[in-house]
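Each chain gets a letter, A, B, C and D, in the order it is written, and its residues are counted from 1.
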Amino acid sequence: MANSKFEYVKQFEQPDTLLPNTWIVVRVDGRGFTKFANKHNFAKPNDRRALDVMNAAAKAVVTEIPDITIAYGVSDEYSFVFHKTSTLFERRASKLVSTIVSTFTAYYIYWWPTYFPDSPLAPPLPSFDGRAVCYPSLQNLRDYMSWRQVDCHINNLYNTTFWALIQQGGMDGKEAEKELAGTFAADKNEILFTRFKINYNNEPEIYKKGSVIFRDYELVEPDSHQVAEEVENMTEPAQQSRTQMENDRKKRAKARVTVEHLDIIKDEFWDRRPWLLSGKPGRIPKLP
Amino acid sequence: MANSKFEYVKQFEQPDTLLPNTWIVVRVDGRGFTKFANKHNFAKPNDRRALDVMNAAAKAVVTEIPDITIAYGVSDEYSFVFHKTSTLFERRASKLVSTIVSTFTAYYIYWWPTYFPDSPLAPPLPSFDGRAVCYPSLQNLRDYMSWRQVDCHINNLYNTTFWALIQQGGMDGKEAEKELAGTFAADKNEILFTRFKINYNNEPEIYKKGSVIFRDYELVEPDSHQVAEEVENMTEPAQQSRTQMENDRKKRAKARVTVEHLDIIKDEFWDRRPWLLSGKPGRIPKLP
Amino acid sequence: MANSKFEYVKQFEQPDTLLPNTWIVVRVDGRGFTKFANKHNFAKPNDRRALDVMNAAAKAVVTEIPDITIAYGVSDEYSFVFHKTSTLFERRASKLVSTIVSTFTAYYIYWWPTYFPDSPLAPPLPSFDGRAVCYPSLQNLRDYMSWRQVDCHINNLYNTTFWALIQQGGMDGKEAEKELAGTFAADKNEILFTRFKINYNNEPEIYKKGSVIFRDYELVEPDSHQVAEEVENMTEPAQQSRTQMENDRKKRAKARVTVEHLDIIKDEFWDRRPWLLSGKPGRIPKLP
Amino acid sequence: MANSKFEYVKQFEQPDTLLPNTWIVVRVDGRGFTKFANKHNFAKPNDRRALDVMNAAAKAVVTEIPDITIAYGVSDEYSFVFHKTSTLFERRASKLVSTIVSTFTAYYIYWWPTYFPDSPLAPPLPSFDGRAVCYPSLQNLRDYMSWRQVDCHINNLYNTTFWALIQQGGMDGKEAEKELAGTFAADKNEILFTRFKINYNNEPEIYKKGSVIFRDYELVEPDSHQVAEEVENMTEPAQQSRTQMENDRKKRAKARVTVEHLDIIKDEFWDRRPWLLSGKPGRIPKLP
């Protein structure tokens, strides 16, 4: 039975290659996680186990896909950044998105029992959707990352106050919502401190800053380089030698993938870790 | 900390809506499954447990997403078909693909221990990629489905003969490959029958035909309808009433999702199950 | 001076191939034609010369590009339909759109002095924009064509009444607009007939129906065929023999391109001209 | 006759918005210009009138569309560059491409009789196709422009030598082609000088360099600024005030559009004309 008469159907597949020389961000979001969180009694305003299983899954993704230069996660979402010179899967959007979403989901399900030993999964299972967005300039990428971290901050301050009003202040959801309507950050800090003796600054960094995942090399003195400019002047990967690329890949594979809770809005984070933007691996830290 | 100065980055997300009134096929493929199959000692030429876990995952996907009208799987791939009138996720490609790939992966990992109790998963975990393709006409869709099933047949006949030559004929891989070079289907059938007493026709249907998943309603007499024409004359879903759509959704949710191993190339399969193409639920079979 | 170091920039060109087996409509629209019409004192509500130069340009486009099966024009817009099996320019959107827009513009400028001998063009010159839209089914295509012709009718009835109120009724624009607010077709017919002795049905067909351009073959008895079904069952053009395609091309080149003002909403137009939808040239009419 | 039942066809139009913050190059190419050039006896290797009518058309395009920052043309092609912050037509590809192609064609046909008074146009008329490509970084854009100008140089040196061999050397086309096979630039210069007393450096700049079109402001001392960096740090146009944009538009409208034949590969051209990359209009030169 020859297959040739049906093979024409392959022509209908349409290319979805992403523009070269742009930073690719693949964002993964939990589907229907409000319901899922209730089913497994996630603690409010933050459930440390839930964040830990997200981070474990994201760390596995970054480890398995060395073309990812950095990832940032908060709540039930995670953003994975491919360096602008990456040519993984010829930059095909559906291949990049589906691979990341699938790998992330696999590890999420796999690690779940480690973090939730008393609340086993049962159908319907948690799942995630994803999409890819291209950012042409470093500034655009930095602004995207800042956008997500500011969002983390705004939501966490709100949620922390909202749940304090309920859990410690005895309000119900509607009352708490009304109490917070129209308030500014300073007002929420004030409510937390005056009524509940909570100093928001002392809240855990993972809740306030979210989580950032990257390969860890030796930190660099902030004034010793000019990464941003170099990065913008890069053109395309074909101009790098194959040997160089191979060496870089090996170095990257050796580097430790780390999960931190740092400010990624200010320049310092990026200045001290030039490898994140240059795409060139740094120096592996010596063991103490 | 206002987030407005960073929010412009949302503008970079580009629409990826699929053309209305076309059949959407989302195909999911195992990533690096040759290696993965070896790691877990998949039986050759077919591993029933491996197909069963694929089918369990695909059945869960079809059950959770009622807009899927039919799914077809073989080896480490599965194709999910959305009816051409579906407006799920506004037909956004990345949303459709990522949701299916994630749900499929979640169930694959979840059901694995049931089918492979003695070969637990360990990192690196299995994962899948996916893509969406649009088919404008019913004939194109039928040809796509036929293409996959013919492929299943061709590969299975080859693999069955190849592994018989090795497992029962004592050849190594290179010898078996050479033996089969240039042979036609009839030759392979002959080799199987003459040398190994294997009548290919008696091989299990799941290996010869692959697996097809759909909602099960009462079969229809093949000459009692004219689905194909009706289907082509449909235009777009907005013209259906909301009440009708809601009723259909409920009926679909009640229907049993079934996994079969049938010929989907010939007309009979489709003629007796008009609901697959019409998108209108059939009659729920009475219990005996 | 070798050019190789710059050639990488070619990689940035992204494919824009339109989905196979769909009807491609390229619509061309005049840019800023209200102003342009005033500059050249177009008659109101319709300027016959302005329509004639549009039709001359569109006829040249259809003549030069045999893959166009039919075109429909009204006011300062024209829609050109490529048969769903067309593979012209590998179905690249920008190539199809730009070629049609450029050819249309060239003939518009070229023929202008013939139709407007007393009102020569001067910068800024008239220009047109264009876009391509795919329609998967024959019904969708027919509905698109009907949409444009109904639009022609609605606008022409409105404009005819509006300008009668002004030119013969002595109203100004605001008064006429107010007079017509909320009126139905029947009301406008009544106004035309009662106040101005105009029977709308007797208005010229070119104003009421717009213009349709196609290759002219012998008309067919409406009940002698089943085109719609045949057309939907076509798959893709590669399945036609090259000789057949070459013969068809020659026949098409011989056919006379005609400009008519007919109803294209009802089936009759299409039933009697099966070549429009089948893509197969008809019989060249014998000379009398 | 209500139109609502057909209006659903509007849904099939798919967005084709180009990625924000990227340089958009729309390239226009003559269709079948080899044949067209023969029909009108274009002089070989270069026809000054043919270039002049191209330049006149391109100058009109740049004048009418102030969002174009620079244009470069050679032979029968022209590239128009939109500044990366441009939001003209919401950056829709088909709208940008078709508008430029149509405007260019209109002026080409309109100005033809001025430059070719003795060779009037007749059907089939000349036409052009076009496409849009996005370049994320300034370097990519500069490399694109360099690519076209190097191409101009390579082709012109070849053509100048090729036609000298024929017109002055008495060879036929095949002999000239064979003579030049495998030669380098130095060889061609040598042939020109030794055999035909032609010093290639003395050839007209328009043939050697092509034509570059831009708005003319006062030149700037090359070391007085840092445009490239500023440009890369721009983000998106919404951050500019509306008043500022309006003022810029007016200044641009006042500026003289000029056609020059300069080296656009070296930095000097860009350094002395910072307005080309900054998008901010320069200082209008004082009249002498």
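Going forward, a residue touches a chain if its C-beta (ideal position, glycine included) is under 8 Å from a C-beta of that chain, and two chains touch if they have at least 3 such contacts.
Being a predicted model, the structure only gives us computed values, none of them experimental.
Q: Could you tell me which of A-C, B-C or C-D has an interface matching B-D, in the sense that over half of the contact pairs are shared by residue number?
A: A-C
Q: Would you mind telling me which chain pair, A-B or A-D, is linked by more contacting C-beta pairs?
A: A-B
Q: Measuring from the mean C-alpha position of subunit A to the mean C-alpha position of subunit C, what distance in angstrom results?
A: Averaging C-alpha atoms per chain gives centres 50 Å apart.
Q: If you average the Cα atoms of subunit A and of subunit B to get two centres, how far apart are those centres in Å?
A: About 32 Å, centre to centre.
Q: Taking each chain's centre as its mean C-alpha position, how far apart are subunit A and subunit D in Å?
A: 43
Q: Where does subunit A touch two or more other chains at once, residue-wise?
A: Only 8, 12, 14, 19-21, 134, 140, 143, 235 qualify.
Q: Inside the complex, what are the residues of subunit C that reach subunit D?
A: Against subunit D, subunit C makes touches at 1-3, 5-10, 12-14, 16, 28, 31, 60, 64, 93-95, 97-99, 101-110, 121, 123-135, 140, 143-144, 146-147, 150-151, 153-154, 185.
Q: Considering the complex alone, what residue numbers of subunit A touch subunit C?
A: My answer: residues 8, 11-12, 14-15, 17, 19-21, 235-236, 238-239.
Q: In the complex formed with subunit A, which residues of subunit D make contact?
A: Residue list for subunit D touching subunit A: 19-22, 84, 134, 136-140, 143, 229, 232-233, 235.
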